[in-house]
């Protein structure tokens, strides 16, 4: 089983900017969290490929590591540093203030006061979750849909809020009475696993929602949420699910058959754009908020459900998008990123 | 009837050679070498270039071998540089070691009293909660603020640890169960607090607290991240040494740890010893919590404890339950953590490798007989061996 | 079976516990091993049984050299052993303990409990032992546990049976039974190695006596030798077997116990409405078969076991509800029955153990810090005074021999001013030389005006020390009698007979040891 | 010898009429706790809303198999019964032998009253409550049984979490590559045994402190599965990490028993294995030669040695068999239930299993009950989060852990490990 030695081949694709270092620091979830670290990292990789850059990444094991990793990145002469998650806010602001020449971007957070070389990347996923809620309500046969979260924090509850509001909107439009189990957006109370790791617990939570009648599950719990997809898969077609952050048919392909769609949080695109803007000398520190309008958040394709979703519903979803973008529909969720 | 003269017991000549501490040192170094070898295998297995070269191993075997060597060499060089290659790396190592030392002392002290403190994690979290709260919510003059915040942290940890001791003393509830459960309770409590406006940063809905006041932060050395908390950790180690070996309370704790029945017969209160030990252990873990929140993290988040409370168990055991050993083990782990970050940065070696390295080191250090059977030149040490070798029954 | 040990040597660290020991056991003989505590008797036997490996020397059975590396080898060679420390699993039943290692099973390894029970019943019948096969070992008195040990050894049909101090916990009547069993075995050709510190027993049963001192065989003796001669050979100097003791001069009552009742963990009444009084300057001995409430009585006096009813007064002050520490501070000295368990901390040094209940107060501590210099000074003084054989005060107590461990405990308790000394089995397992010394110290304590309460199952000890004897049976004091009551009479009272009943029966049925 | 001397041993004395002080303390402590719970139950009953509390008796369609109860009257009845039980316990109104039942009666009444309160005007899926309990408990039971086997033989096993992780990982990879569930389960068992071998060799041969060892093996397992996941599974998930999950098999007959049938007997092979494991471990441990020897080396290894038992060999065999169970327990997390492997997916369940084994007093049945208790509490909090009660969600998340502490401190009390647990056996 010994082949011959491959010959050196030149780098492929894109222009060559090897000297340009694009860097990223994860939060303590790590780059394999099937969630925002992973998606953001994909953005870094995309940018590196597109522009022929050099990639440097540092995973953080604990909150303790953020300043260290940020400093290491600065020392590594990074041209742009992306930090992922609100927990890196302080370390990012600090490093940015000390190194005005380096450009920074931070995912899911924003400095209290704008800093010239820090670009905040926010995502109003409530908007696409709203669509997802509407879709779920329309597709539910039992009249009940369910959601659960990992830990009750805004990056999680924003999805649940949008979802619940979408269902309510559907009820109002269609005079239906589809119920949301697992999240009360008014009381801000609902179902959580308590962590992002315990997949079996996520699955049990989903199963409990299913027992209560839910036939569409919307898990917002990272790897633990995969348990929700497993529960749907185990129902043999009775229950379907909607994934979050990424297109589940790509990131968790084994569950594609039960996924109506996914609520995409376009961190990859936003990160890539932020990096490219630095490469192209077009960086600015204005806050980016991913919306339906700019494609920073969206519903993923329906994949296997494409044929099962009525054309009429698809049109309604498009209309929803137009209405949200146009301001005809306002979303209440307090977890939405505020423009700074 | 015959008689014979009584002879005193014959003393066998002592095995000549190195003193016990030198032998232990040698064994520990050998153990680290072995662990690095294991790590090297993992690095090779996981290295892309090596894997690419293996595919044509028959055609150019040297490629595989040189790729393997360079992969391992680069990784370990990065590890060493990140751990001890200059002032900044050393300060980083010491910073990482700081909470590990205090957490390790918390575990050691309980061990010596016959208690398995698996709850340093929860105690640390409670310490961090109180210290953090005092740090960002109160506004006191310099020095005083720091002291008050530290004391709050000590109290937080002491309460959480003391509860374990009290339950054990009053009801006999097994500390292993109670500490495991209290760890969960502490983290959920912290998660919940961070959703309340009292703890959240104004204007933010994220579960992150304001940064603690500058007055309440541990002063740093120069522009490194190393802070005064490290000195406190050393002071704590000296204190624990004094407490265990030179104080009447420590005498009682050790006695209860070694033989609870005899201690009771000698008039000591087993229950009180458990409570005292767990209060002090909790306070030590709480001190680690203050070091996290007032020294390195500054805002309080749900990740404040990281895995320090669990690593502390390994540190304590590697240090054989003695304060000096715990300090040394804490420094080693701190260096590995700091070096590990550097290693992933430069050679993209996953942090999980550091975890494997740490586990393997402890495994080998804890089994001197195994190390000796591999490195046959190592002399035997009579004193070494089953320290802390005790069961659940204390 | 002809057994020959030659040149057996075993060291622990720098201590040579057995130094070129030669020993020959002829078939069908009862061979007694005598020696001080720590002389190396158990070590020798443990090598023979495969529990310890000799450093050098050999074991020859019927002319063939054998190596015994584990007890299963020993069992294969027909060697059985009753160990000095019980080798019983406390949470197992008697039958389970007896079948362990040679289980009868149904197919599939399922235990045949019926067979095991039958075997136990059969053996207990054959040797006249009474044991319930279904009883948990931890629930039965030590005397019965000892029988279980003996039955265990007998089931193997051993041709050499080693008995390492089996009589330490037996009553005179039980010892009689054991002696009968030994004779029966001997007649069937079994050789027996018998270790004991009780010279009366040696004289009653031995065919041959070998004496070991400090790891070496120092001589042989004939059973006809006097106790004094045996003692001298063992210890290497003349031993006074009778304690010199002036008649007691009792003064005011120091300890007053009224209506004391203790319920044990299993809900049984261990001490049943007991009244006792001990005066300053007298020794009251509590006699009784182990397990009749003496342990609980002593523990109740020290506050180690809560009491259900009654009152305990020390010099008129009520102790009920007070902590153990308070009682120790009030002037009670305590030597617990099970020293390894309650008497010392094995992993602590000799010096530390000598201040185990004194370390808080001056000169050893100032409430906060320990004064290690004083602790060491104290240790040197006590080691000297009590002739504690140790290689240093920094050695752990667990490395001392049993007798020396006992001396550590007594040295500690006698090293402070006492009002009342409570000593349980103060010389259990201790050699005659040490007994002489320890008894002398206890009497001296009495003469200084301390009230002394001795709990002992040893009639010799009671005879040597007591000014008055209280006999306990099933938690009750069945009578308080003068010290010169004949031992057979005491033995009967220990079995529950009243004073008068015992007197009559004892005259008709003398026991072997009672008449020596 | 005369008839007087024959009876020179002490027959067990009669049980005392007076209560032992220790018993009294315990009675007051447990009784006090029971009273508190009884009063809480009664209080909840008083505040129960009118209307019906509906309980669903068979999982499936929420419209069917419903049992509607008038919430407040039933709650009041149960609450009152609970108070009665607690009072009877405190006042010693039933013989000591049966007093344990009072605690059980109270427990059932309390939970009943609580559920009436929580479910008033809503539907509580009762069958699903037990179904979920079993789901949560299955790996815990297997892990705790593994612990029982090890610790009965005198080897402390803190490494259950690590064995779980490795078992879960291996099962996922093997199931994905071979497509065979049987192969996956066998592989999980084998990987559990390999972890157990590390535990055995280092503790029995190299005399490493067993608590250290357990903790280290957990770290090791976390590191190695994490590393392999990072390096391989992550990159080739489709091939290496898409295991099929075992499907439920209904046992004919048993599966048709009303209520419990579908819960207990329509399960995956792994769950049936768990039932079998509980029975087998209990039987083997207490009725066979091997079990007797295992317990002997865990209680008093020297005694076992003196009757010719090879202590170390017995310990090795117990620890390795335990590895089989722990590995299977790990398999539950992937092929047994949740499918693909994710990093650290066992999320501390191994430590809960450890707690269950201690809480169950090192007895297979006790460990199972403790695991079920924990599973019940976890499932209950999840269901309550869904049906929405006035109890804050954060408190519910803590509830299973708090409940365990209360149970351990209040009811279980002091437990006694096998005497030689954790002590290496050394001969000279």
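For the reader, a short list of remarks on this structure follows.
Residue numbering begins at 1 within each chain, and the chains themselves are lettered A, B, C and D in the order written.
The rule is short, and it goes like this: a residue touches a chain if its C-beta (ideal position, glycine included) is under 8 Å from a C-beta of that chain, and two chains touch if they have at least 3 such contacts.
This one's a predicted model, so the numbers in the text were calculated from it and none came from an experiment.
Contacts with chain A and chain C are shared by B, D.
As a whole-number value, the distance joining the C-alpha centres of chain B and chain D reads 30 Å.
For the pair chain B and chain C, the distance between mean C-alpha positions equals 45 Å.
Note: centroid distance chain A to chain D, computed from Cα atoms, is 37 Å. Shared interface positions of chain C, i.e. residues touching 2 or more other chains, are not present. Residue numbers of chain D whose C-beta contacts span two or more other chains: 230, 348, 392, 394, 397, 419.
Across the assembly, chain A contributes residues 30, 152, 194 that each touch 2 or more other chains.
Listed by chain label, the pairs that touch are A-B, A-D, B-C, B-D, C-D. Taken in their complex, chain B has these residues touching chain D: 42, 45-46, 116, 118, 167, 170-174, 176-178, 180-182, 184-185, 188-189, 191-192, 195, 310-311, 313-314, 317-318, 350, 352-360, 362-363, 366-367, 369-370, 385-393. Those residues of chain D that touch chain C in the shared complex are 1-2, 4-5, 7-10, 12-16, 18-23, 96, 287-290, 292-293, 295-296, 299-300, 302-310, 419, 427-428.
Listing the residues of chain D that touch chain A in their complex gives 56, 59, 62, 123, 125, 128, 131-132, 135-136, 139, 229-230, 234, 237-238, 242, 245, 332-333, 337-340, 342-349, 378-379, 382-383, 385-388, 392-394, 397.
Taken in their complex, chain C has these residues touching chain B: 11, 13-17, 19, 213-222, 225, 229, 233, 236, 302, 304, 323-325, 327-329, 334, 336, 341-348, 352, 356-357, 359-360, 365, 367-370, 372. Per the touch definition, chain D reaches chain B in the complex via residues 29, 151, 154, 156, 202, 205-213, 215-217, 219-220, 222-224, 226-227, 230-231, 348, 351-352, 354-355, 358-359, 392, 394, 397-398, 401-402, 404-405, 408-410, 412-417, 419-424, 426.
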